[in-house]
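Below is the structure I would like to discuss, written out as structure tokens.
Just so it is clear, A, B, C and D label the chains in written order, and each chain counts residues from 1 on its own.
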Amino acid sequence: MRLSGAVRLPEGRVWDWLPLAIIIALALAGIIVAVIITPSFLTVDNIRAILRNASIVGIVAVAMTPMTLSGNFVSLAIGQSAMLAMVCFVALVGDGWPQPLAIIVVVAGLIVVGVMQGAIVATGLNPIIITLAAGAIIFGVVTEITGAGIVRTGDYLIGWGSGTVGGIPIQVLIFLIFTVVVSILMSRTVLGRETTLVGANRATARISGISFTRVTILAFVIFSVGLAIAGILNGAAFNQATSRSFPNLTIDAIAALLVGGTAIQGGHGSPLRSAGGALFIAVISSMMVLNDFSTGGRLAVQGGVVVAVVVLLHELRRRREVR
Amino acid sequence: MPEEAASTGGLNGETAPPLRLGVRRLSKRYGNVQALDSIDFELRPGEVMALLGENGAGKSTLVKIVSGLVQADSGTIEIDGKPASLYPSARSQAAGVAVVHQEYSSVPTLSVAENLVLGQKGIPPIWLPRELNARARRLLAGVGLDYLDPRTPVERLSVAEMQLLEVARLLVRDARILIFDEPTAALADREIERVLAVIKRLSAEGRSVIYVTHRLPEVFRLAHRVTVFRNGQSLPPRSADELDVDAVIAMMLGRELGTMFPARGSLADEPLLRVDGLLAEGLEEPVSLRVHPGEIVGLTGQLGSGASAVVQSLAGMLPPLAGRVELKGVELSLRSRVATLKSGVAYCTADRKKDGIFAGRPIRENLSSPWVRAVSSAGWISGRRERIRSREIAAEFAIDVKRLGAAVGALSGGNQQKVAVGKWLGTAPGVILLEEPTRGVDIGARAEIYQRLRDLCSAGVGIVVASSDTSEILGLSDTIATFYRGRMIRILPHDEWTEDALVREVMHQEDEAPAEAGEAAS
Amino acid sequence: MKSLKRLAALACAGALVAGAWSIPSADVKAEGTGMLEGDGKAMVMFVMTASNVYGANQIKGAKQEAERLGWDLTVFQHNFSQPEQDAQVQQYIASGAEPEVIIFWPWVADAAINAVRQLSRLAPVIQLTQEPNEQSWPYVQAYSGANQILIGETLGHMMLQAREAARAAGMEFKSPEGNLLIFQHPEGEKTGVERMKGFLAVTADEPFNIIHTEWGPNSPETGYQIGSQVVPKFKGQFDFLFVSNQQAANGIIRALKENGIAPGQDVYIVSGDCSGSLDAVKNGETFGTGIQPAAVEGALAVRSAAKFVAHGRIEGDVIQLEVEAEAPEAENTPPAKYNYMPHAPAIGAEGVANTRIWGYTADEICASG
Amino acid sequence: MFAHAIDRLRPYALPLVVLLITWGIIAGITPSFRGVGSIFAVLEGFPLVGLAALGLAVTIIAGELDLSVGSMAALAAVVAVLTSPTGLVPCILIATLVGVVFGAVQGTLIGYLRINSLVFTIGTLILLRGLTYIASDNAPIIIQNITITDPLLDRYVVFSISSITAVTVFILAGLFLTYTRWGREIYAIGGARNEAIAAGVPRIRPLTVSFAISAGCASLAGALAATRGGSAAPQNYADLLLSGAAAALLGGISLYGGRGSVINVALGVAVLTVVATGLAARGSTAYLVQLVTGALLLTMIAIEFLAGRLTLRDTILGAGLRGHTRGPEDVDSQREG
């Protein structure tokens, strides 16, 4: 039993970083195993492929972290929102809009859609139901408007989506930048601090003059920006979109976030961890593809890994918090 | 009552009955902390034994061992003269031990009847509502709740009713050793009466009671004997009649309590806070108050008396219906907590765990939560300035500065409360509002908190304390206002009050305006 | 409570009356009506959701044709789920409807046998898109739709042409016959198996060296997700790619480019069917794709059903429709056992531009809903 | 007495009104959705979505959420088909049993580890799906002797064997939850976990039981659908979680636990089925059904919210609304020595 009221604690910081350290250690262990059994694993091409694969899920998981931190659980409209961004971006560019303008409009539009959900959630209603309903509505409306067809950029091809900058794929670069920006936002700014505190205890936050409404809306704004980026990136790479884009994104992003160790109840976690979670899953996935795992094998291993990691992280946190 | 009389109090005159509970040389260690160091403890049949001690003295560890939540490292336990093993809790329950927790263990969504059988042994696997309700009615009658419909969801009950329901539940188990862990902490005086009456009745029936509390007056009204724990060790039990408040406190602290309430300073002439005709939900009549720099104004009354409503309204948590409030000559907007906070109103709530601290977050973040904007520029937190300032506060409140990175939830209740109060220092508040500032806080930390509040006063801050603990109000305040059923009854300087007068006014037992009060109630 | 019950009873009674009134009168089907026109009679169709390009096109084609022939067509769509389709079939049968003829696309042919059995008790069943298997043939009158083996053959021919073109362009193969990497339909899907059969048959004389078969991609995202992991593994080892459909190919092309492989130069890609953006075909990144006109498939299904109603029997084994620019008049003859829709290869921008099947352009067929 | 009866009916008022209105509208605009046929059609929603919603609702009442129901149904479907040579009833029972055992283990682990079920089951959601693919060898599998499934295709006025089974399970679950010790423990632990445990409710058993029910219901749903369709495919039932959750929520099950009953679930399933089959019977597109479901959910929340704002306590919706004041988030912070 870990019940003592007086166990000496080490300085909190170490324990804050420990779960992350463990994920990294596990990922490293995974890489070592992978290298041993897969000769082509450590090639530049494969590493780049892993990073690329982790990018979109990573951006979304990072974008959702403030929402989870603030005690608003997760969105169940992830795939639909990203799809909305992708379809809009491709449609606008295909309609002859200049790309920067299209990007601004898409980001702004997604923020509007996100803030609408955020405003409802901020009144105290359950985010899971709200986003579940919002996702169904977004999907229905977009499918209706596009007539279920493929939206294309047509004559206005966008090349940069799969380009590289200095050898680094553009989506990896954006993933990196976005992670750093959101991490700094969460750890170094007042808004970030308030987000975590609201998630840790909403009532105390209110007494301390922290507005739940403001924090929730901010979290939905960051979420929307991240999803807009994900949608635009994929739009710019594929030059086409349908209302069925991003079929698995919702589950993948939530899994990445949880594997990263952000507490689902809020008040604990960081965007950096979510990014780590996305990378970790990408490494496992790549390892299995390279070793010719069957569809079932891949899913079973991935699911097993998710279960194992979240249980491990949970136990670690429990050891730290329960006294 | 001499000791001999107490021992035979509820019994039939036998001279040496076996102890209901005998604990010898019990020890328990958590990590490198010796929570219990070879303590002895005894409980006679039909006896109410008060268990006193500061937080961390080992009371709750003993309660946990007796109730079977943890296992002792060494020592023996006997029940009715026979060696007993009380771990795990199922065995403890089978031996007739039952605990009334500080936090209620009723489920608000279930009915009273269901709560009564929840978790009980010997209840058939299939529940027939009719039978259940009939059984519940019998049990409720035993604790003076015969007027309750057993089908009522518990969430509609008052706090005292829940507490009594809790007791009723234990009676189902035919518990012979009842442990009350601060049962009255959240109750106002009148409700306490009901609970104490029930406890007296239980002991008269021959049940033994261990009564854990921080409230000394109750001890003398209820307990036959008193056991004091200090630093994991036990002092021999003493008959309650031999003791008085000062003696008990001396036993708990191991020193005389001369410094519990710090000396008062002198007051300025100009009021800092003017409250004129304030009316809010929970208040029947407008309230007017003055708080001077360096003054502590104590508001006291039972639950629902309006004392809390005044504080909450001033804090911006309860929108006012009428009235004008001025702070330092400027009108104070009470529309939102954000607005009052900006004007320099600090507010410490009654329920620390619920809305006083961020249990999972580090102490430093807790301390800086209300003033983090002040150590940031353009939204960027300066980690250095935050650290410096939180260290200052921690040092002032005797919080271990090396542990500022640890989660607040890991601290003892007293230290948590120090964080909950201390964080407001960083906001350079003009007025500090506190509700029940020392609920569930051990006496050592209590004295420290009182001292800090006085220190703040000498720095020119005005303080408003709402508390149902009349001795606290009397010892701490410069000016005291009494509240009853939504009305402020009287406001006078502290030296014009006596504890007796205060209690009587809060209980409202005087003859004045009973009709009025009756109206308000209806 | 009592009044509530009464209200419910009233509502039920009312609904019953309304329901009885709305049931169409039953009529004779033994001999066939002799005419293709439906005169407003009920035809019902169970297909996948219109939120997918292929599904949307198919439904559009079917609806237009039904309107032309005067049939009252109701379409039930499932969301890529056999259990959901099963439930729809149950509920449809339960509703007491009496359709003249049923067009049924079992989402997983092997998994829809009971559904077919039940439908066949209600009205003649024309199966669509997925060919009936041995167990379901007793309950199905005729098949109408894509010829997966033919699609495989078309693919094979295009792949052979691609090899010629590559040779002509001076490309050096990693093996004498050229190394082929295959991205198939999801593992276990019958469509893929049959196409492979056709492909192998056509290329039997001059086979490719198949180095790996990867399963599953069916959208640009999944194509990219799987492609981006598989391409680095086989980088420098393949000359040709066979991709199940153009949707997936669009994702794989992205993965190729990101790995520094130029599709259309370093590697030649052929995709099985065209559902997806054709831009990659037009700009040469994909050598060629099979044009599988879903709208024609839908229209043909309605025709086959109408023909069966008109004649009450089938005649002959196979009718393979050829590619025609404009929709031919529906012939008033019995359907065959297998009624195959036309399928055309489209190679390069020119191929795409020249494609026109039953009045639809390639872009209309492949990319718009 | 009368007041108490009103009290008990209160939580059903809103979903019942919504059901009557949607049914009215849909039947009004859809000629083929009237009469006995429509009642049969709605009842046919219970074997699949209904059972999944029921299982989910039990975990929601316990203050948890089982995300793995879709994958569990798929695995059970495969198991049922694989064991179909043993006969119709045995194979359904075996598949359900597999689910119950898995659910019991999952619930026990969640209780033992004190881990958030959302976090745990998102992993098992993926894991079970993988196992399903492995069990079915990555391809759809069919029942060899298809005639054993014949009894499932018969219809008895408004019932089929499947819907009778489902309705029976609903009734049994309702009785279990209301009148048994283990059932009330689920409410207790969902309504106020720490309080319930302090009162002597075992920490783990209610979770074991509720997750066993959840997985068992999902498995029965999968097995019934598979045997009726004569086959199972590993990719099936991915949408079951969403439609099940939507049905439970539409019926008025509070996400905060401890509230709601089987009747709520039944009403929710009926609403959802009326919308889905009613619109489908008109030939409406599948995504329109999604859109309408989403809009219904939002409307329902809006009504509850507004009604709650107007009169906080004694409205017809009050009971459902009060649940929103308690969040599940402080469960962890309250656990201390």
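By definition in this document, a residue touches a chain if its C-beta (ideal position, glycine included) is under 8 Å from a C-beta of that chain, and two chains touch if they have at least 3 such contacts.
Computed from a prediction, not measured in an experiment: that's the story for all the values here.
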Ask   = Suppose you hop from subunit B to any chain it touches, then on again the same way; how many hops at least until you reach subunit C?
value = 2
Note = Comparing B-D with A-C, the busier interface by C-beta pairs is A-C
Request  = Just give me the whole-number Å value for how far the CA centre of subunit C lies from that of subunit D.
outcome  = 34
Centroid distance [mean C-alpha coordinates] between subunit D and subunit B, Å = 43
Remark   = Expressed in whole Å, how far the mean CA point of subunit A lies from that of subunit D is 28
Junction residues of subunit A - those touching two or more other chains = 3-5, 139, 143, 148, 201, 243, 267, 294-295, 321, 323
Task = Please set out, as single numbers or ranges, the residues of subunit C touching at least two other chains.
result = 49-51, 186-187, 215
Query = For subunit B, what residues touch not just one other chain but two or more?
reply = 60, 354, 359-360, 409
Query = Which chains are in touch, pair by pair?
reply = A-B, A-C, A-D, B-D, C-D
Complex contact set, residues of subunit D against subunit A = 113-116, 118-120, 122-136, 138, 234, 242, 245-246, 249, 255-256, 285, 287-288, 290-295, 297-298, 301, 305, 324, 327-333, 335-337
Key: Residues of subunit A touching subunit B in the complex   = 1, 3-9, 11-13, 16, 188-191, 193-194, 196-197, 200-201, 203-211, 267-268, 320-321, 323
Subunit D residues within the subunit C interface of the complex = 23-24, 27, 31-41, 44-45, 48, 77, 137-142, 146, 149, 152-153, 155, 160, 222, 225-226, 228-233, 235-239, 277, 280-283, 285-287
Query = Across the complex, what residues on subunit B touch subunit A?
reply = 30-33, 35, 56, 60, 64, 69-70, 315, 317, 337-338, 341-342, 347, 349, 354-362, 365, 369-370, 372-373, 376, 379-381, 383, 402-407, 409-410, 412, 423
Query = Considering the complex alone, what residue numbers of subunit C touch subunit D?
reply = 11-12, 15-20, 22, 49-51, 73-84, 86-88, 90-92, 94-97, 108, 110-115, 117-118, 135, 186-189, 215
